[in-house]
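Take a look at the structure below.
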Amino acid sequence: MSQESLLKVEDLKVSFHTYAGEVQAVRGVSFEVKAGELLAIIGESGCGKSVTSRAIMSLVKAPQGEIKKGSKIIYHGKNLLEMNQKEQRAFRGGECSMIFQDALVSLNPTMKIGRQIIENIIQHRQISRKEARQEAILLLEAVGIPNPETRIDQYPFEFSGGMRQRAMIAIAIACDPKILIADEPTTALDVTIQAQIMELIKGLKDKLKTAVILITHDFGIVAGSANKVAVMYAGQIVESGGRDEIFYHPQHPYTLALLGSVPKLEWKNKQLLHAIKGTPPDLISPPKGCAFAKRCNYCMNVCLEEMPEITYFEAGHHASCWLHHKEVPAANKKMFQDDRKMIIVNENDFVVDEDQSYE
Amino acid sequence: MNSLVDKRFELADQSRFDADEVVRPNISYWQDAWRRLKKNKLALLSMAVLIILFVMSMIGPGLSGQNYTTLTPEIKNLPPDSTYWLGTDYLGRDLFSRLWKGLRFSIFVATVAATLKVVIGCIYGAVMAYLGGFVDDVMMRIVEVLNSIPYLIVTLIILVVLGNGYLPLLFALCITNWTSTARMVRGQILKLRESEYIMASSALGASTTRVIAKHLIPNTLSLIILDMATSIPHIIFDETILSFLGIGLQPPAFSLGTLLSAGQEAMAFYPAHLLFPSLLLCLLVLAFNILGDGLRDALDPQLRD
Amino acid sequence: MRLKKFFNLLLVTGLFAASLAGCNGSAGKSAGGDTAATGQTSQNEKKGPNGETLASEQIAHGQQFHVITFDTAQVGDSESGSFFLATCEGLFRENHGVLENAGCEKYEVSEDGLTYTFHLRKNKWSDGVEVVASQYKDTIERVLNADLACPYAFFTFPIKNAEKYYNGECDFKEVGVEAVDDYTLKFTLEAPEPYFTDKLSYTMFNPIRVDNIEKYGDTYGTDAMQILSCGPYMVQEYTASQSTVLVKNPEYWDAENVYLEEIDLQQIDETATQFQLFEADQLDFVAASGDYLKKWDQAASEGKCQLYTNGDVASQFFSFNTQESSPSGLMQNAKVRKAIAYTLDSQTFIDSVYNSRYTAAYGLVTPNIKVGDKEYRTEVPEPIKEEYSEYANNPEKLKALFHEGLKELGKDTDNLSTITIQFLGYGESTIEKDIEQYVVQRIQDNLGIKVNLNIVGDFGLAHSAQVAGEFDMCMQVWGADYNDPMTFIDIFRTGGSSNYGKYSSETYDKLLDQLAKEQDNEKRLKLYEEAETILIKEDVAIKPLLYRDKHSYINNRLKGFQYPVFGGKYEFKYAYIVEE
Amino acid sequence: MAKYIIRRLLEMLITLFLIVTATFFLLSAIPGNALTSKIAKLPKTVQTKIIQKYGYDRPVIERYVITMKGLIIKGDFGESIIRPGETFAKNLKAKLPVTIRLSIQQILLGVTAGILLGIIAAMKRGSYWDKLILVGAMFLVSMPSLVISLLLQKYCANGDILKLPIIGWPKGKELWLGGWKYTILPTIAGSCSFIAYYSRLTKTSMLESINQEYTLTARAKGLSEMQIVKNHVIRNSFIPIITVLPSTVAGILTGSLFIERVFSIPGMGRYYIEAVQGRDIPIVLAGTTFYAIITVITMLITDILYGIVDPRIKIGAGK
């Protein structure tokens, strides 16, 4: 952990200007990621996790999208947001690349897979088209696509869903990026293929020492692969820490609620799935207190009025919740802890598969 | 102190608020579309222009109080003055009044013909899509044949068989235009029928009527509205062309097209006779076009964020 | 749209009745005052027929003729006629309204008026072949070939046995045409016809070259380049609907009196464009239209161009449906018809809606039509001019007359507004159609009855409605086919094909029969007068409206250019360009 | 592929047959025919002969059979009724080059300028350029081509600004190339609506492509805007453009009627409309067939093009 962080995001704020008003999609997010580390950002859809990843890639489109002043995305000591176009482009695809959610729409339907990979290689490396093609074949092979020589000249619609996502990964890793952002890479795929894809990403991380930012809403995926987890809600990180801390000692009611909503094999008593009541707040006019307050079982008066402070726990684990305030009555805290015990029945819930699953 | 602390950290009364209330107001598709349209200044302006034009076409002919139907050659080709605001035409009729009266007919023809076209097209398209198979093939072939016969012949024949007047003209204008709507509706319904949410809703036991009412119609409606908005300028032009060829509306009835073709004959000496109808026609078509564009932007769900 | 103009032409002017020329009494007058006489030889190469200084470049610029066919036998319109006036020489050629010998040097008519002997001039085709009498005979044979169905075949019917041969009832040998020798041509007629020579001046009677026709077979008549010329000019270049270049024909017998070296014709559809080009000296002559009239009349009076006015031989009138089956069922009564007819004054009408262009008509036969050498219209007063003035602007008198008529029909009513009559209108342009409303207004204002105006914008439809008698009154235009009042009077013979109102009068028919036999021009004049009066004044089968006219502007540098009354729209033979 | 084209051509024959039949009977149903004006004032004997010559004394069905027989045996619909001896083929030879050149020039100018402007508008979305193009296109599309032509004639031809001929068309040796000054005004007048239409279409289609996820992917690869537009957006946004091209091509044939009339150009459009108005059945039938063949063939070409541009579409793979 002494390692220097590769990418550091500080107080990232992103807004979108829509007809209805300014949507504050990301409201002061900070995190960092080190080489060879996998950071999972988890949250419901619309919580700003994808926007965060796109902000890192400078893919937030003006004029609707705006990265607020004071936001910093520091890579190798340089603020990406202050780089010029050319440097940004070199960073995108070269230093940092991205795997998108739905490969079907994220690949150009009218361009052969090979060209889409080669395009990326040529853009960032000084090699000929012919060499790039060889490279592309190797890449396809590396991501587990059979017959890469023929596949390279096919169009995306000729690929199956899993194959497409593999091709997408091949594009992403074509230039040996230092950072890889995977935005819900497996959402559109079925379970067995999900596992294969995740294994592939994990393998890359270990082999190439790539830093991976995994955006997902699925704890199951996080459990098997993440080093660190950040839980996002309504444009903010509400809890962040090492995987085990988040899974076994969640400190934020939202994290707990998310964990509660994951079905578990070993639930014996026919517990119902804990759905989280309500829906996320409108980010055009975010609540002045805790954004989760109105959906929270432990909501206190203060939660509705003031933003909670950040409470730090063990190394790197922190959460923003009033429950951890020293003046909170023990009864309230106990309520939370009891619920936590009930939900996290078995400590092995999420680790079962870690060693055997993806084989 | 305790009491103070207690109050702040007391559990909030959950019944005081509804977790769902925080939800951003659930704007329906149409509200959303309307909201988008409202943001489009140009579209709003054109809507205002259309309303003004519509109102003027209703009250305009009587506004100057001058005669616009009786031929009084003694006062023909007068320049604009305080009595005849835009002057008189080649037979001494008040141009100002005629302009609005002609506009009334053009608007009337365009909207009614567009509506008719859309209705016929929808029914035909829906029947094609719904019945499918052999019937679809035959009906598509009919559309194909109709598309390949130049509309002038079809129009001529209709005007001949049904005679002169408003109704035959309306009928002729819509009959030559409906095929595109039919094709579009057919395509859209076929696409929707395949789509997952419709399958899902039929699987959940929704009746056919419900599927049609709840899914097919709303999802086709935006396309139909767009189709109508874009056909109106086309139909206005078509009507003009027919009048110009002398097979459209016959005097004493007249439209902007008739005024335009009469204006063209008088152009060299009384440019105003061509200028004003042209300007009005341009304005009308322009407003419809811009509104159509605005509607497209507003109704296209792809741009919704 | 050109076709519409073509329809208009057919409608307005008959076959050869050209669309413009010489009203206002006598033959065409040009403000430029060209009184060129043919046959005069130029004393000096640089001098024109009247001693003017000729321009070094003798090129005239005109509008493309909308030629429908290049087969003389099929010609039935004045546009095609214009083409053949320039490229062909018939027996006669019209010069300032007078027929002059052209293809024939002289001719004799027998006492009984049945035999015509023509002595031909020595003339050559553009390929050097002599023009001979048998080529004229070939023409008659070809025109009478029923398989070709030539529209104006009936012009040859006065020739002995011609109609029989046409109907396949006899051999061609029996037809009264004979090429006595190469330069003598003889026609024998069925019955005397005083205006036979007038008919002979038409395109259809031009000599033909059978060898040339056979050369092109079925395609003959479709391309100007196929035509062999025996007239003043020949075709050098022709692009359909676009342009034609005619050049002087050196083989023409009168070539030394042909001044123009070249005639460039170009298609210009829009009137505005025509005037734009005329103003820019790129077009040498242009027909007046609409409001251009005022501007260019003014320009002509200032000497900026030459004004050419002349009456056209076309008459415009309303026909009343004289049958009981007419939509209103009232039109069989002459008093009803008269009351309606007299609501509208022709003079006020043209003053109001036509800028006083054209001539107000109170009769059927137009000016410029002759009986013998006398002009009919100057000899015979218009039948209703006087009577009309009694009724002019007198609604009470008109209504009384109308009631009288209704009483005779047993359909009198106090409330005239319950009566509706059908007016079948026809017009090419919006303006023409609009004008018909004026008529409606006059009838409604004066009689208080309702007039339902049904304007048909399509010729075919209008004609069908006319033939079917779906009208109480309909607008009709008739262009003269030949230079005799008969061309007009004959329309209303019982059962005539253009007698849409189905007018039928024994007296009238009898007069027509009498006329067919009568050779004495004085007597014929009387008979015509009688017939016209019965038709218009007594029976009111029609209401005359106006006589069309020719009204054109010619560039100052172009002299001697003519608009003939018959045979074609333009006559280039006598034209020349002067130095300005 | 070949099989597909053959099948399509066979289908085309059926469609053409239906079109010819429909046109024939529809035209025959109207009172009056091409002879009406020709014979209106002739005596009855001659009228009968002429009617017989063109077979109008026979029942419609018999005329139809004769026409179709003629079509099969001689391959044409016979000669014009209005202009004796003239056939459609002969006119086609003279007038088609004119129409084709006019059409090509109009389409080239209209479509390329339209697409270019559309691309500019899409790439500079929200800028003054975008607004200018939008407003300009709106004006052009809202103005009748007649008015545009008249304005051009009035202001570009009389030497004030430009001195261009206001009428005429190159002929003879210059039929295909040369005589450009004659073609400038008609080409501009005729292409205005295309410029307007295609610029709007291109812009919409481009924006749609730009909003697609794959554009984001391309951007994530670090490609420049130019590269993205060139490599990813254009090809995809051309698909809808290609689908409307054939209707443009087919429509221009009769669509340039006003242009041909105002500029006195001897093209097919005018010829055809005149034939329709004159009920010259042989010519109308031939013209309609010709028009339909062009429509069907352009549709076939579009389908093939479509397959080239969009690999997802397989030509000939069923419906």
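Going by the order they are written in, the chains are A, B, C and D; count residues from 1 in each one.
Here is the rule we go by: a residue touches a chain if its C-beta (ideal position, glycine included) is under 8 Å from a C-beta of that chain, and two chains touch if they have at least 3 such contacts.
These numbers come from a predicted model, not from an experiment.
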Set of chains whose contacts include both chain D and chain A: B
Central subunit by CA centre of mass proxy: D
Top chain pair, ranked by number of contacting C-beta pairs: C-D
Length of the line joining the C-alpha centres of chain C and chain D, rounded to whole Å: 39
Length of the line joining the C-alpha centres of chain B and chain C, rounded to whole Å: 50
Inter-chain centre distance, chain B versus chain D - centres from mean C-alpha coordinates, in Å: 25
Junction residues of chain B - those touching two or more other chains: 156, 160, 245, 247, 267
Per-residue overlap in chain A, given as positions that touch at least 2 other chains: none
Per-residue multi-chain contacts in chain C, two or more chains: 1, 4, 272, 458, 461
Chain pairs that touch, as defined at the top of this document: A-B, A-D, B-C, B-D, C-D
Complex contact set, residues of chain D against chain B: 14-15, 18-19, 22-23, 26-27, 29-31, 138-139, 141-144, 146-147, 150, 200, 204, 208, 211, 254, 258, 272-273, 276-277, 284, 288, 291-292, 295-296
Residues of chain D that touch chain C when the two form their complex: 30-33, 36-47, 49-50, 52-54, 79, 82-86, 90-91, 94-95, 150, 153, 158, 166-169, 171-172, 261-262, 264, 266, 270-271, 273-275, 277-279
Chain C - residues contacting chain B, complex: 1, 4, 271-272, 275, 290-292, 294-295, 351-353, 427-431, 433-438, 441, 453-458, 461
Parts of chain C lying in touch with chain D, wherever the complex brings them together: 1-4, 6-7, 10-11, 14, 68-69, 71, 74, 76, 146-154, 163, 166-167, 218-222, 237, 239-243, 266-270, 272-273, 276-277, 458-461, 463-465, 478, 481, 497-498
Chain A-facing residues of chain B, complex: 5-12, 14, 17-25, 27, 35-36, 39, 305
